[in-house]
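Note that the chains are named A, B, C and D in the order they appear, and that numbering of residues resets to 1 at the start of each chain.
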Amino acid sequence: MTTAMGAPADTFPKLLLLNAVNRASKPAVRMKDFGIWQTWTWAAVLDEIRAFALGLEALGLKAGDKVAIIGSNRPRLYWTFCAVQSLGAIPVPVYKDGVADEMVYVLDHAGVTFAVVEDQEQADKVLSMTDTLKSLRHVIYDEERGMRGYDPAAIHAFADLQADGRRLLAADPALETRWRERIAAAGGADLAVILYTSGTTGKPKGVMLSFDNVVISAQNGIVFDKLTEAEEIIAYLPLAWVGDHIFSYAQSYVAGFCVSCPESPETIVDDRREIGPTYFFAPPRVFEGMLTMTTVRMQDAGNWKRGMFDYFIEHARKVGEQILDGRPVALFDRLKYGLGEMLVYGPLKNRLGFSRLKVGYTAGEAIGPEIFRFYRSLGLNLKQLYGQTEAGVYVTLQPDGEIRSDTVGRPAPQVEIRIAENGEVLYRSPGVFLGYYKNDNATAETKTADGWVHSGDAGFFDREGHLRIIDRAKDVGKLSDGSLFAPKYIENKLKFYANIKEAVAVGNERDFCSVMLNIDLTAVANWAERNNVVYGSYQELAGHPQVYDMIEKHVDQVNRDLAAEPSMCDSQIRRFLILHKELDADDGELTRTQKVRRGFIADRYAPLVEALYDGSAERFVTTEVTFEDGRKGAISANVRIRDMKPHPPVPSAEAAE
Amino acid sequence: MFYREAGQFKTSYQADSAVFPILQDRIGLAVILAIAFGVIPFFATEFFVQGIMIPFLIYALAAIGLNILLGYAGQLSLGSAAFMGVGAYTAYKLVTYFPETNVILLILVSGFVPALIGVLFGLPSLRIKGLYLAVATLAAQFFLDWCFIRIAWLYNYNPSGAIEMPARQAFGLTLTGPAADYMLRYYAVLGIVVLMTWFASNLVHGRIGRTWMMVRDMDIAAQLMGVKLTNAKLTAFAVSSFYCGVAGAMLVTLYLNAAEPGAVFTIRQSFLVLFMVILGGLGSLIGSFFGAAFILLLPILLRTAAASFHLPIEVKNIENLQFMIVGALIILFLKFEPHGLARLWQVGKQKLRVWPFPY
Amino acid sequence: MLYKILIDPFVQMGAAPDLLVQAIWDGFVGGVLYALIALGFVLIYKASGVFNFAQGIMVVFAALALVGFHQMGVPAWIALFLALAVMLLLAISVERLVLRPLVNQPDIILLMATIGITYFLIGFGQLVFGGEPKRMITSELGIPKGAQDFDVFGGFVSLQNIDITAAVMAGIMVAALAWFFSKTRIGRALRAVADDHQAALSVGISLNQIWVIVWFAAGIVALATGIMWGARSDVSFALEIIALKALPVLILGGFTSIPGAIVGGLIIGIGEKIGEFYWGPLLGGGIESWLAYMIALVFLLFRPQGLFGDKIIERI
Amino acid sequence: MTAFVESRPMSAARPIEKGETLLSVDGVSLSFGGVRALTNVSFDIKKGEVRAIIGPNGAGKTSMLNVINGFYHPQQGTIAYKGQVRRRQKPYEAASQGIGRTFQNVALFKGMSTLDNIMAGRTLKMGVGLFWQLFRYGPALNEEIEHRKKVEEIIDFLEIQHIRKTPVGKLPYGLKKRVELGRALAMEPELLLLDEPMAGMNLEEKEDMSRFILDVREQFGTTIALIEHDIGVVMDLSDRIVVLEYGRKIADGSAEEVQNNQAVIDAYLGVAH
């Protein structure tokens, strides 16, 4: 990885220049627009980025300036990263569907001077914050629709800026030389990007990553999974998330593969199928969603077809993973699996868009083991990784052939890991961040002087040297009798059921464990239709006695599983309730990456938690909700609580299905 | 089930608007063509080629012709056989006058006369629609059929009133006349039908086909989009009659060798083609093939069934049964699947595409 | 040549008026039969909006049934009733199996369905009664034979008794239908159906019943037509082609008008006889097979709604 | 940063500059076999405006559009389009002069996909002949692709990408209306006639459609004449409003003027005549 001049390509602008030479006519980015996959080669991308960078410069963007990037996955927003970096300025991607308060905090904290936004909606959002954001000087938008009539002095079309850049370049060819010189002058140690973590508690923190952090991490991932420039990936995760930054931006530049951007949020599933990614990254939620969709759709299938589906899926469950891992499998089973591949697995993978998948990753939180195994049994090389923004993603990775659903793998290349005495995982690597932006206290709390980072997660290495993450270090607790209480473990078991969308377990320092559940509207509505359950609203469905009966069976099954594990036997669920509203990021109940904020929820639903432990059979509660447009309202409901009977401990380790 | 579309993405409009955008469909088509050109000639019996494949292809072309008019442009015609007849007699006259010319060329050229006459009888369609037009096309049927009997020039004053195909050549090979080799004929028919089906497919997928469908679906709106109904309908009549005409020309030159007066291009024949279109599928080219195959195979199947189950059915009653079955099927299809066998094919294909999910 | 076309035929007409009258009479009788087929058609079209292509084949089928029952040894009059029963059965089956499932479909679909019925009946009729031509049981039904000769313009014109009977029966049938439509409750309901389906329901008759009734009525007309026609020639499926002549009659008369059907039938019948007689030889004869359609075609271009039809106003 | 405060998007109701007269209807009367549909109606449509025609059921609104379209020919009166008085014009001629149209009861080509329906709107602008069409090659293919691009812009504009290849028969009503608007837009009309574009829509769909109509004018500079029953929508959208009742014009003017007109109030409250 060196430029023509022989210097290492340690920044993205340098990688761009390199790719524009070495892969000039290879596709770099695609977007489905106007009905077809519009494609830009690396040479074309260089031209676009250079024009935009020069336009930005003409508008007054200086080295060290912070540039907010707000919007969905579009080529121009990805180009903005590189254009901004080529000028020595720092891109700050922001979650686009964040509520205004959150966004204004980040933009203000980062002190952005420019904002590059997707469309009118985002532009309006930014414009509504101008009273607070004193440093903001210019807004640049990609989609021109509806943008007439805005002040042209402060608001610019992306294409217009590029046109400016091109005109300037035509007038003064030396501009390019100077631009290239500036790129050459930057180095790997420079600040590359600030990614704000959504944070389960407190205000978002700006993680400063250097070019080295990102480029070396990306390179390690590429080598680890033998990725090439021929990979196809689809970019659909938030730009502000480190995962997307590494997979859709950094690794594309380093490996030279093409990134495809979907046409619109409604068409992602179709677009993914069309592209057929070879390398795919998704949080467990996405895989859960696909499995739920599959289950729900198969319930509409005719009897024989569903029977065939279930039969072969059952067979895959038995031998699929062995075959994937190259372990010995009886010839007959192998043949049967081949038949299943023809009849079920192949078509299913095709529908999901995974026919060409070489390697897929899930990370962000633990995936339900059943879900994980389901995909792997189909022959998909799905793996887990454990990562953090502060680590430039990779902390551990699962090497091929050593895939377990309950571990996150071995330390990634160049990563050192140690377990603190309280069980917390600490790591040190070239990807480790520079520090939190304008927050030295937090930096000092997280990162030691010799470069070790506190992950905040509790875990241990098993006998094979794989890291197991139990939970957030501070979330692992104990029941009042002293036995272990790992809420996330229980929640994940519950969430395996398609009908259960979210679960929040409580029980720390209490006598027993209880859970609050969210039903999955798609799955349960479907179930309701088949069972002639009439309901008028989500709330009514959630409180329906028949729904409770159905969920009770799931909970009971989880208890049976827990009973089979000696350390978990005592934390069987004794009581549960179904929440009257969906947990929502807009209400602060979920993070932007859709993780439950357990502490917040416990406070917010304190009356319900109290009811779970005072023996009440039901409790009337009123909850404030935030609508999409920011207005607030309240909903109230009478929430019922069910008692469960714990199962006796099972001596055998074999958990029932 | 066999479809693996993941990863088949289009980066140009040309690819996106292709007639067969899915790779597996293109493979399927290639396989069918390979069988038609490469396998059937080497493994099929003379009866199969001469008695089934040749008439099947010819009638499929006629059905495509009527389908263009009825299925795409929405104009009902009960006179397809007459236009086939015009094509047949044109071909006969042409081979008489130009004995040395390539007979395949003459067959193709024969389509122009029916096209012209089709336009003539299509003129009423400018003022009348639907049911009324059906009656107008009957006028064509009876008038033209009468011409074939009464105008002696058409059958070269042959005292029997019949036309008998002389031996004619194309590329140095004898294709017509009783002595012609059936395999050569098969290739000639297959070549013409494949070529013309390809043309038809291009037409219906392009501007002209769209104009036809606009007239079919909502002629008022079509006018307000700037469609001249006159042009659209008359083009449909012309193209449709051209196709029927070429089919008719092939029928006498490459299949029957001869035509008795008033016996071939009758109203029954028109109905036969109409049924092929209805059962095969209105507005579908592949449906025209299905329809032709079905209508032609039905009597053979019935006979085989009667023979293999030793049913005491007389030959003439097999024909009667065939009438009844076709009649009943027409009604059943109109009720349950107005788009015919082609629709069943489409649904089946769609089922395979979304497999394992239900359609 | 122009002379031959434009003048000579009229000279002939003037020279032999008796032949002209004979031709008109022959055309008139043929026209009556066309009119009867068209009448059955109009009945169905008025009440159910179905363009019944099968009306012609119903004529053949009815006649075949009659002759067929007689051949099985059933006395003529009982065979007549049995044939009527067959037509009733047909009406019920058509309503059940064709009309009801296809309700609210476009006209053209219903037309194609009746072509389906046509084919079914051809197959079924031949299967049951045999395909060979049969003699109508004219005398058994008491239809007079022989002919009446009249002196006209110095020549003589021969009127077959059968033809006279046919004309009279046609007259009776039209009168009966007129009476049925205007005086009976069901008849009034049928007329209401043509205008407004809701109105018909309020009379207390279901649409399905009405369909059965009109198809049966059309079946009766078909039987009568079949007897008459069969008496003039043989009963065979060749009639099917001739029955299609009812279509140009309808174009002339309009699809919904009973008087239109009669007048249209007579015009076509007389027109094609005279055309064949005087102009046919110029063209080599046999122009009867298409002349009616050509007349209708020309007519369509100038008055698409027919002589008695309502003007079609296209609403957007 | 003061600049930002002033730079809000322009409000929908802001009147645009009055242009020259695009179409003028002068003393038009129309009857069907004695039934009067329109009686001596006169009004004009100016370039760039949104002109509404309102009135109770049977007031002759759709007949008025059909007259403008060339579908009906008035017995009396004249219609001048772009200053030219026209005589017995055919509908396709109106189309070729730049008059587009949607219908009260969606008149889409139901056997075709969304894409093909909108492509149908490009018919007038396409013309490669039969020869190249047979081969679907060369000019025919280039033409198809060139127009596909235009059509895709409209699909993008109307945000109907997800139904691009869906047969229109399967679409919900609101989307059908949107496709029909797209088909009319594909003609790149100068004058767009919309016959009840929001009939049968829910509030959200109406808002979307209103936004599209205003965007059409803003983006393409199209003059729009529309018939609509929802008075609220009409008042918000239109620059000027013609009110018809029993085929006669009873009022003409801005939303405010019309709202305060006694004859209009009577007509809408159903005062007996």
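The rule is simple: a residue touches a chain if its C-beta (ideal position, glycine included) is under 8 Å from a C-beta of that chain, and two chains touch if they have at least 3 such contacts.
Only a predicted model underlies this, so the values are computations on that prediction, with no experimental measurement involved.
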Labels of chains that are neighbours to chain A and to chain B: D
Contact-richer chain pair [B-D vs A-D]: B-D
Centre distance in Å when chain B and chain D are each reduced to the mean of their C-alpha atoms: 42
Whole-Å gap separating chain A and chain D, where each centre is the average of the chain's CA atoms: 46
Approximate Å spacing (C-alpha centroids) for the pair chain A, chain C: 77
Centroid spacing, where centroids are CA-atom means, of chain C and chain D in whole angstrom: 50
Numbers and ranges of chain A residues touching at least 2 other chains: 35
Numbers and ranges of chain C residues touching at least 2 other chains: 316
Multi-chain contact sites of chain D, meaning residues that touch two or more partners: 71, 103, 148-149
Residue numbers on chain A that touch chain B, as the complex places them: 30, 32, 35-39, 232, 260, 273-276, 294, 297-298, 300-302, 305, 308-309, 342-344, 346-356
Touching residues (chain side chain B, partner chain C) in the complex: 76, 124, 127-128, 130-132, 134-136, 138-139, 142-143, 145-146, 149-151, 220, 267, 271, 274-275, 278, 316-317, 319-331, 334-335, 338
Residue ranges of chain D in contact with chain A within the complex: 1, 3-10, 115, 148-149, 152-153, 155-157, 159, 161-162, 164, 215, 218-219
In the complex, chain C residues that touch chain B: 51, 97-98, 101-102, 105, 107-109, 111-113, 115-124, 126-127, 131, 241, 244, 247-248, 250-251, 255, 283-287, 289-290, 293-294, 296-297, 300-301, 304, 314, 316
Touching residues on chain D, where the partner in the complex is chain B: 69, 71, 90-92, 94-96, 100-101, 103, 107-112, 116, 119-121, 123-124, 126, 128, 130, 133-136, 140-141, 143-145, 148-149, 183, 187
